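Next come two complexes built around chain A: one with chain B, the other with chain C.
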Partner chain A sequence: MNSLIDYTVNGFVIGNIYALLAVGLALIFGVANLINFAHGSVYTIGAYVGWAAITFLHTPLPATMAIVVVVCGALGALIERVALRPLQGRARIAPLLATIGLSFVLDQIVQLVFSPDPRALPSDLPDWRIAIGGGSVGAMDVLIATVGVFSAAALYAFLRFTRLGYAVRAIAQDRDAAKQMGVDVDSVNSAVFAIASALGGLSGLLVGMYYNHIDPAMSFQATLKGVVAQVIGGVGNVPGAIVGGLLLGLTESYGIALFGTTYRNLFAFVLLILFLLAMPNGLFGGRKSIEAEPLTGSFIAPSRAVKIPPAALAALILAAFALPLFTGAPYLLQTLTNAWLAGLVALSLTLVAGTTGQMSFGQAGLMAIGGYASALLAVDWGVSPLVSVPVGGLIAAALGTALAYPAFRLRGHYIAIATLAIGEIVALVILNWESLTRGAMGVTGIPPLSAFGHEAVSAKAVYWITLAALAAFAGLQARLVNSHFGRTLRAVREDEIAARSNGVDVKRYKALAFAFAGFGAGVSGAVAAHLYSYLNNQTFDSQLSLLAVTMAIFGGMGNILGAILGAVALVALPEAFRFAAEYRILIYGVVLLLLIRFRPQGLLGAV
Partner chain B sequence: MAALIEVHGLMRRFGGVVAVDSLDFEVGEGELVSLIGPNGAGKTTTFNLISGLDWADGGSVRLDGGAIERLKPEAIAALGVARTFQHGRVFANLSVLDNVLVGAHTRLKAARPRLPIVGPIAELALALIRPPAVRREAAALEAEARAIITRFGERLTPRLHQPAYSLSYANRRRVEIARALAMQPRLLLLDEPTAGMNPSETAEMQALIAELKAEGQTILLIEHKLDMVMALSDRVYVLDDGRRIAAGPPAAVRSEPAVIEAYLGHSAVGDTAAETKEAAE
Partner chain C sequence: MSPSRRLSRRPFVVALAAALSFSPLAAFAQAASGDPVTIGVSGPLTGPNAQYGAQWKKGFDLALDEINAKGGVRGRPLQYVFEDSQADPRQTVAIAQKFVGDPKIVVEVGDFSSTASMAASSIYQRAGLVQFGFTNSHPNFTKGGDYIWSNSVSQADEQPRLAKYAADLGFKKLAVLYLNTDWGRASQNLFGEAAKSLGIEVVASEGYQPDEKDFRSTLVRVRDAKPDGIVLISYYADGALISRQIRSVGLTTPIVASGSVYSPKFIELAGDAANGVFSESNFFPGDARPEVQAFVTKFRARYNEEPDDFNAVAYDTIVLLAAVIDRYGPDRKAIRDGLAEIKDVPSVIYGKATFDPETRRVAGARAVYLVVKDGKFALWDGVKPVTN
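Take a look at the complex of A and B:
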């Protein structure tokens, strides 16, 4: 496939898939004011349901499609009923976080049921291709285009001419007014989730057949592509979603033609960032769509933090430092070492998302920057880890803040999407900038931590070093948060307009919070690099970012001890019960869902 | 007397609606000037334009002779313009004391060195190190914030460390005014400070504003309670449909036919119209 026409056909077909995903997201955003991060999971389940139907029931294509639509539609309604309806009236970020928890759960269930290995998803379509110009069009291309056009037409008719369609549009415009006019918001929501999920599942099936390949990991990328298409078209805008999807598909296809397949996702995210910066309301969005949702980034439930007496705190710290004197069990020490490193990231997240109210889904990107910087300094230039680790932290702080800076004028969901994209871009740059990062091969032979010729390789030494770093960072952060600086950050979180009217330069404080947090996350990544002795583009993946969010919520957003507690609980407890890795993610998802539903202020209380 | 703030030809359109239409007014140093008019007259929009939260489509706003109509809100605050909000914008999860201390943000000198480029980093470092000068400044501002809160008497002092979300509506308004006072503003913009207050609370607020005026505080006031406006104001500007329809000392303005027409005459219910409007908010 190498002619312009082939790339155009391919871009158009993939664009159709993205459009189907984005339309579902747009419908859901319209009625529930929520970016559904579980949408990709439904898409994956659609693909697997189709696979199961073909494999076990030998269904013909129309029947397979019908089964997928029914199963995924029901799943969508179930998601709305069980996970989201109880969260009505909460902070707007709450249901978004719930869908992240759901996506953990659904993806892991797929992995457990169908195994993580990729599978072939054969289609029973005829094998013909029609030659057009220098390229060709196959039956699958025609099918996907047909489904795309037909879905768009059906959706248009539905929104335009049916009572339910009226209700959907009414809720999207003004939920409260619709409610007062007697629209049953709950059942409309349920119907919209069902329709959107049916479309999502269908697109999963079609993609699976198009590439003859499905695997459980396809979920997250699908969500991201749908979100990108959404932002391009204007969040919540149905026609915009279709145009955005097609535009994204074509951009990717032409991009691959010019630069190669590993750049595919980079185009999507660069496009996303460009739109967020230059045109945050998208091609079709009205000017209001950002203004209408102030302060959605704040996930601070009114609560009082649990007070821990200083003596008890001192005793805890002492006990943590003294632990290796009483036990040499390397497994326990290694697990806690991992918890201390995770604690650094959780601390950094709790500062930006909790104290400052800027939900970040990109902390792993900062770890990656810190890790690679320190590793490359040590491997390529022979810099001592004593220097390279803090320098790695500084580079993460500077680069992370510079990348996020343009997004600081965004609020609510948009800053979350932007940080997510930044995390992905960092990973993709690492993958593609081979001359610096060695690409997918990764960096090997990273020297262990050392100072003045003494190498820290024993489990005890590493334990102490990471614990000391965590304690120092926590102490500094506590001091910072208790100064005028912390007060100003919290004012920014609570109300940017009021903060600015009191003379607070909001961007400056967001930048400083991101810089301080970036340093912590960068140091964590740098230390991890020297402990693992090997890094690649997947060492710090977006799942880690989302895990950091879960940790911070677990302990209470903005709560310093809470972040550490969250890290220890989520890293150490699954180890203690010896859960296999796939169950661990399942547990994280369930924990996140339960927290958001029953204790949004976290165990120790948000501050 | 030179005007502290001069507004000339101020315009703001929202779509086809002209919210503020070639508005002219000025406030002299130490004056208390009121903006009154029916709902939708453009009073709050004028505040938003002065404080930089909204940008004018035309006209100028000069503070001490310098143009501020293109400045950001934080820059205007730094020049000493403090404001309260019509519906209240306290920092809900911050304590009363912290709310007021945020108001003193522009006055932090030791903690926020005014250095180019390295300033932010220095601020971060100073917040961590906290040298004596920074600690002294923090202590002085805190003492001052407590003194401001004391002006509101038993209403706020027992609630110093309570989060603002736990306060009554009237108390949140008080916190907001305390926060604005902590700036030691040159110009204080009060947007309906007594909205939602009962008569005795209103009387307290009126006494406080009178006290501020006696201390020489320059105040621009938006208020619906006309008795209060008449008692406090040096001058009154009356707005209707974004235009200024009358200006002058309270006694003169109150008898102008155009004012009576605009304020009371839209509906033929006479004196009750103003109250109805208040109740509607």
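Take a look at the complex of A and C:
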């Protein structure tokens, strides 16, 4: 049918753009074994550099492209030198977090310099179009495809046939061996970042021109789609990235054809999960690329956890509970209440990511399940929050574990990407399952927390309830982690194969850890739902998942007190910087970068 | 609007915001004319919605200059404290507690999205501080309690008018593309009902995510439904993206867009594709009403750019609150009671604004039919598109 051709063409057109993004990501992953979350930010900067060149220097397209390539290439080399090189030999999670911190900083700088308003980015390409089927393809489509295919071919040839290319592949295979053979790892890394960033910036420019639209918020979606495309193609595989991008574009386009526009991203992430399950190495990954080592675990620089004397700990807990007796300031109590709720999520993350070694970027999805379950029970069935909150936690635990279960055989980065996708899928299902969740309208009129006819609405009451929940969870988790259960989880983290050969049912232990963590995150989401009285699909977004990861790292992976400290610090930090409203996120990003650089094991040390 | 101007103006705005957030300092600087009366603003200055916070400020500052030059409220200067919420519900509840606990704040304005605003409503309601949302069209927003007020144009007014315009333009079969948020979803429902009662059939209805950029496949669905017109329930940035792609895939179907696309940015971003787009707006600088002309002249003089809808509602809000405070006193309870009583406050959007004390909203927004001609919004000349 005619429309089928159109959907196919459209799939290729958007797939083109994903491919261009994925090529840069694949190159960096190939050599540095790193998902570069700052790639989208470089892409955004490329678009704005192009805009500035056109507006102030009136450059023609080739000159604009050259300027963007040079500036973004230099930026890439700078990123590698300043933010990533000092982290060599650290936990593999450290550079990944550094790129997240960098993306905050870069996006915020763009926004401060250019204002958040979207801008037009006109192109001076001729306005001709080729009719294909019922639609057409324009000059910009052709240019994007050419740049994508050409750069992939050039990179492939470069990796395959040049000396520097040999060096890159050698480093990708075994960094230390390459170094011993006299490869200058640093300059090769630097060159790779420069090339990948130049390509990223160029994509930003071209995509910005394609839509005649650039804005500072375009970076996160770009990273996300690029990551999906390269996982489909096979992480670190350059030609695979192109095919992955096209396949992703086609899937989305056919998804829209079958079910409608709101299902688009759902298709993208379901495709990702299917690939992770059926062929985690992607279409072109071959057998070699799966990493045996866990992402955190034994790669964490050996650190001794800071010991806190039990008496001091008891005093701290007592002080926290007594605080509302001395200050009535609701702002302080509300901020700390937010911190306690965040603490619950950080605890859940530190259990799965720190203790068990399964990095999760999907904690917000668990909060959303818990929040919606409790809210809907209370609003639609009149269940008391006393019952609905724990039930919400249980549903989050059950559903979260069931969703993550198939991913338990994945390792390292893959489990991180799978959980990221699961988080997105939960949000998209909430948006689309209108009959249950009310879709974008959200759930209104959620009753406040109450027990036996008494409503807990004052800042003090809410403070005590959330603090008590946090203390209970922390206590329980501390007991669990110090029991044989905790020892087994750490064994799974340190060496999964050794654990299995000692008779540990690895999947079962992972499931138990996820279930306990899901319950904590679910309760946190449920309590939040009753505090806010309104929820929709955006209340628990993926930024929140990233925040949870940052909190756990901040205090020290696996460290229970550390997770709570991280939550307090990261919820309180932005509040403390409130006087500098527009610079807040910038400062937060810089603090994160400095911390990763100078104290990667977290403030209290990893356990 | 020249970019260099934007760049040079920005540090000033930042400095102002920084100065304002140290309220004791600001109070000291203005000690000569008495203690300032403070409005608390909760809104996005960073994050994905930051541009709207920036638009608000321009409207606020213009209104404040004018009010304070005329002696302020009850002889005291009026000022605002802008707390950045990123339109994030976790931050709006903290800001709400901050405002509620600060006796200097007599009324609160914002937040931007319903997600963020409604999370904080119960705190304002319980504390007895008016939460005044001026971009909150969620039908349940003001149902949060008798301290929750809004002068945002209700979609229950707006969408039937858009449907009527579509009917006046002679459309019989429409495809609707809507932003899949609470605002877009509610609007799409209201539009659908109104269109049905006018005998218009909605042949396709497609919701899209706020960060969506590619609409080509959606447009194939739209084309296959064979509408004689396409309705956009969009903001200006996404509306412009869609309009461009409608034209670039070769569809010639006429476009009717909800008033929310009304912004000079819409034309800048959509380029030639904007030409021929029909829209209606509560705010149009070319509107001959004297209150509109006065606002536009002042705005252009200060910022050297065309005001948009967000500037206008922000301006209106401060003017309205200043009138209430001036008349009923800078007291939280008095302001609530005053909102219910005050009548016929001059307004750019409404001409004269009066609240319905039951719904705590304003009815009767003015609107004009518009069409884009030669890269400019113009009043509709009555010419109907040729439909097949």
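By our rule, the second predicted complex is superposed on the first by the 570 of 607 C-alpha atoms of A that agree within 3 Å, B and C clash if a C-alpha of one lies under 4 Å from a C-alpha of the other, contacts with A are read in each partner's own complex, and residues count from 1 in each chain.
Basically, a contact is a pair of C-beta atoms (placed from the backbone, for glycine too) under 8 Å apart; a residue touches a chain by one contact, two chains touch by 3 or more.
None of the values given here were measured: they were computed from a predicted structure.
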Have a look at where A:F516 lands relative to chain B and chain C in the superposition and call it first, second, both or neither. first
First, second, both or neither for A:R160, with chain B first and chain C second: neither
In the superposed arrangement, which partner chain does A:L476 touch: chain B (first), chain C (second), both, or neither? first
With both structures fitted on chain A, tell me whether chain B or chain C touches more of chain A's residues. C
Which holds for A:H58: it touches chain B only (first), chain C only (second), both, or neither? neither
Going by the contact rule set out at the top, does A:A499 touch chain B (first), chain C (second), both, or neither? first
Partner chain in contact with A:F485 - chain B first, chain C second, else both or neither: first
Of the residues on chain A, which ones does chain B touch that chain C also touches? none
Chain A partner contacts - residues on chain C that touch it in the complex: 3, 6-7, 10, 14, 17-18, 21-22, 45-51, 53-54, 82-84, 86, 89-91, 93-94, 96-98, 100-102, 113-115, 118-123, 126, 138, 140, 143-144, 177, 180-182, 184-186, 206-209, 211-218, 220-221, 223-224, 237, 240-241, 244, 248-250, 265, 268-271
Chain A to chain C touching residues, read off their complex: 3, 6-7, 10-11, 13-14, 17, 55, 108, 111-113, 115-120, 122, 129, 131, 134-136, 138, 207, 211-213, 215-218, 220-221, 252-253, 256-257, 260-262, 264-265, 329-331, 333-335, 338, 431, 439-442, 444-445, 448, 457, 459, 528, 531-534, 536, 538-539, 571, 574-575, 578-582, 584-585
Touching chain B in the complex: which residues of chain A? 300, 302, 476, 479-480, 483-488, 490-491, 493-495, 497-506, 508, 511-512, 515-516, 606
Taking the touch rule as given, give the residues of chain B at its contact with chain A in the complex, in rising order. 51-53, 72-74, 77-78, 82-83, 85, 89-94, 98, 101-103, 105-106, 108, 111, 120, 123-124, 127-128, 130, 138, 163, 165, 179, 183
